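What follows is subunit A paired twice: with subunit B in the first complex and subunit C in the second.
Our next item is the complex of A and B:
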């Protein structure tokens, strides 16, 4: 994926359009608000956010590959780096730090010190278990699955719950090889 | 059939996803077809799949071990980008997300790697993937995609 760290070629990749950050943050807030009303249970809201994220990620990956002009991806370390440096930058205009690698290189953390999703947010007493940014986990999981990496993604540190940073833990479960989809006698 | 000049070098285009579903089949000029559309697409996917596996297998320098036809991880090994016969040229591109673009043209056509990249980046992603009402993994019929593609291929030499 090294090529992607270079700025993309404007002749081949579409321009990156920007949207007002406040509009984005408040729109996301309105969605979470609506889910809280619709589902009532906090755990259910976390799950819905993850599912919504998954569906976004599954589409976003092609957009990402097109804009970053990425052609190849081989190992998880490089993938994590590209997500942190290119992906977060492109879609949230922040960069994450990759840290805490497990010994087998199957698990790492993305650390966000700044997160535009929570700009105006304070968790009230009634929402203590809410993983407000859980949609990000879903996006990562959905996007990675499309490039053949089945992962488990969750927040382990959350500034809204009093931690000093946001920490997203990504675990690579398996890399799915491409298989021939037809049977011989079909 | 799209309106292109009779001298156009374009023949047809296929788009497959990672599961072998033909998302789109576009014909400019193909007077001679012998198979049903479904069989034609299945064989095309099979050809690419085998050729990709075989080219990676033949790599004299790098290359992955394992048996011919064994499933390989995406991004593993090398791949081909075109082949040419005396009557046509087939150009191929695969994105890391497993989207495969195949462009069949006149054999005198030059290198189309950048053109395929352009079609994926600026036409497929923009008009198909970003359409919120398009269901992922389903074949698509999209007017804007077709007209933009027709317009773009006119510029190819």
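Our next item is the complex of A and C:
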């Protein structure tokens, strides 16, 4: 992970305020349940969760960059490492493992064994198509887009559907050139 | 075959150990999530009272589960039968596990016998919220009111629970008061128990 992690691990710094994970877990559950009542199609719910995540990611990245003691990532590999080791730790207090890189280094997996979103959760028969944690995909996509990386993010393994871990597949589609929305002072 | 010879994560959800409830996530993570909850519901409603209703519903779902969880974890399934008992359970046990602290105050209403108030100087859900001018008395604390209602209903103390901003002298931000008005049968039962 090279020089991107300073000795004072931001994830355990007291500057980051914390709340009880059960409040978080149950609130997320309440959101998913509302969506399931509001939308008939499970696919719609997945999509809506992704959108919510995107909105969160777009704002969360500021919070992350402000608090995490990291330097600019030089490539996608480094970005993935920072997400797994610093990002997940800072917000959800768990760490992910980066694995299964594609040969061109454009695609990798984030593997989660612990996931505070799913405590107490079991999918009923009627919700088998639900990607319960889909919000995380949105968050990653939204956050990365704000730092000029267009990505495709989806779950390929889900413990709620009987897999042994959670696996999020993250694919870098393009590095967008930085655009400045403002003009220089004339 | 339930639970036999399977790894912990494959156990049926009720067979898994309960955990101590000490795990934490960052406040930001919760705040972002809560903000999405509010915004999503805002897009679904036409007026403030519907929005409050939906937020209360979401909170209710949290409350009723929290009660079940805490009953197993903290109280060895002993149940509260008295109004004051359940109120202090909400004010201390529930508050402590959800918000990491006991609520700032628990008071009895002065005008009505069946009203109680739990106040909090800065409710976690209102921490990063400023209510736009046009939205009147809307209070995101409605979500917490829903939680309280969920706990009370689940424990057999039906009540109407609402959240209000109360201005505090010398402070820029108002505190939030959760007003609990118990159903008539609850008050009668409590009187009967003497």
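The rule is simple: the second predicted complex is superposed on the first by the 165 of 186 C-alpha atoms of A that agree within 3 Å, B and C clash if a C-alpha of one lies under 4 Å from a C-alpha of the other, contacts with A are read in each partner's own complex, and residues count from 1 in each chain.
One rule holds in what follows: contacts are C-beta pairs under 8 Å (C-beta built on N, C-alpha and C of every residue); 3 or more make two chains touch, one makes a residue touch a chain.
Because the structure is a prediction, the values reported are computed rather than measured.
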{"item": "Which of subunit B and subunit C A:16 touches, first, second, both or neither", "value": "second"}
{"item": "Partner chain in contact with A:93 - subunit B first, subunit C second, else both or neither", "value": "second"}
{"item": "Touching partner for A:103 - first (subunit B), second (subunit C), both, neither", "value": "neither"}
{"item": "Which superposed partner A:59 touches (first subunit B, second subunit C, both, neither)", "value": "both"}
{"item": "Touching partner for A:74 - first (subunit B), second (subunit C), both, neither", "value": "first"}
{"item": "Contacts of A:119 with subunit B and subunit C, given as first, second, both or neither", "value": "second"}
{"item": "Contacts of A:180 with subunit B and subunit C, given as first, second, both or neither", "value": "first"}
{"item": "Which superposed partner A:146 touches (first subunit B, second subunit C, both, neither)", "value": "first"}
{"item": "Overlap of subunit C and subunit B interfaces on subunit A (superposed complexes)", "value": "59, 63"}
{"item": "Touch list for subunit A against partner subunit B, complex", "value": "12-14, 58-59, 61-63, 65-67, 69-74, 146-148, 175, 177-182, 186"}
{"item": "Of subunit B, residues touching subunit A in the complex", "value": "18-20, 42, 45-46, 49, 69, 71-76, 95-99, 114, 117-118, 120-122, 124-126, 129-130, 136"}
{"item": "Sites on subunit A touched by subunit C in the complex", "value": "16-24, 26-31, 33-34, 38, 48, 52, 55-56, 59-60, 63, 90-93, 113, 116, 119-122, 135, 159, 162, 164"}
{"item": "Touching residues on subunit C, where the partner in the complex is subunit A", "value": "7, 9-10, 12-13, 19, 21, 23-30, 32-37, 39-41, 44, 54, 57-59, 61-62, 65-66, 69, 97-100, 124"}
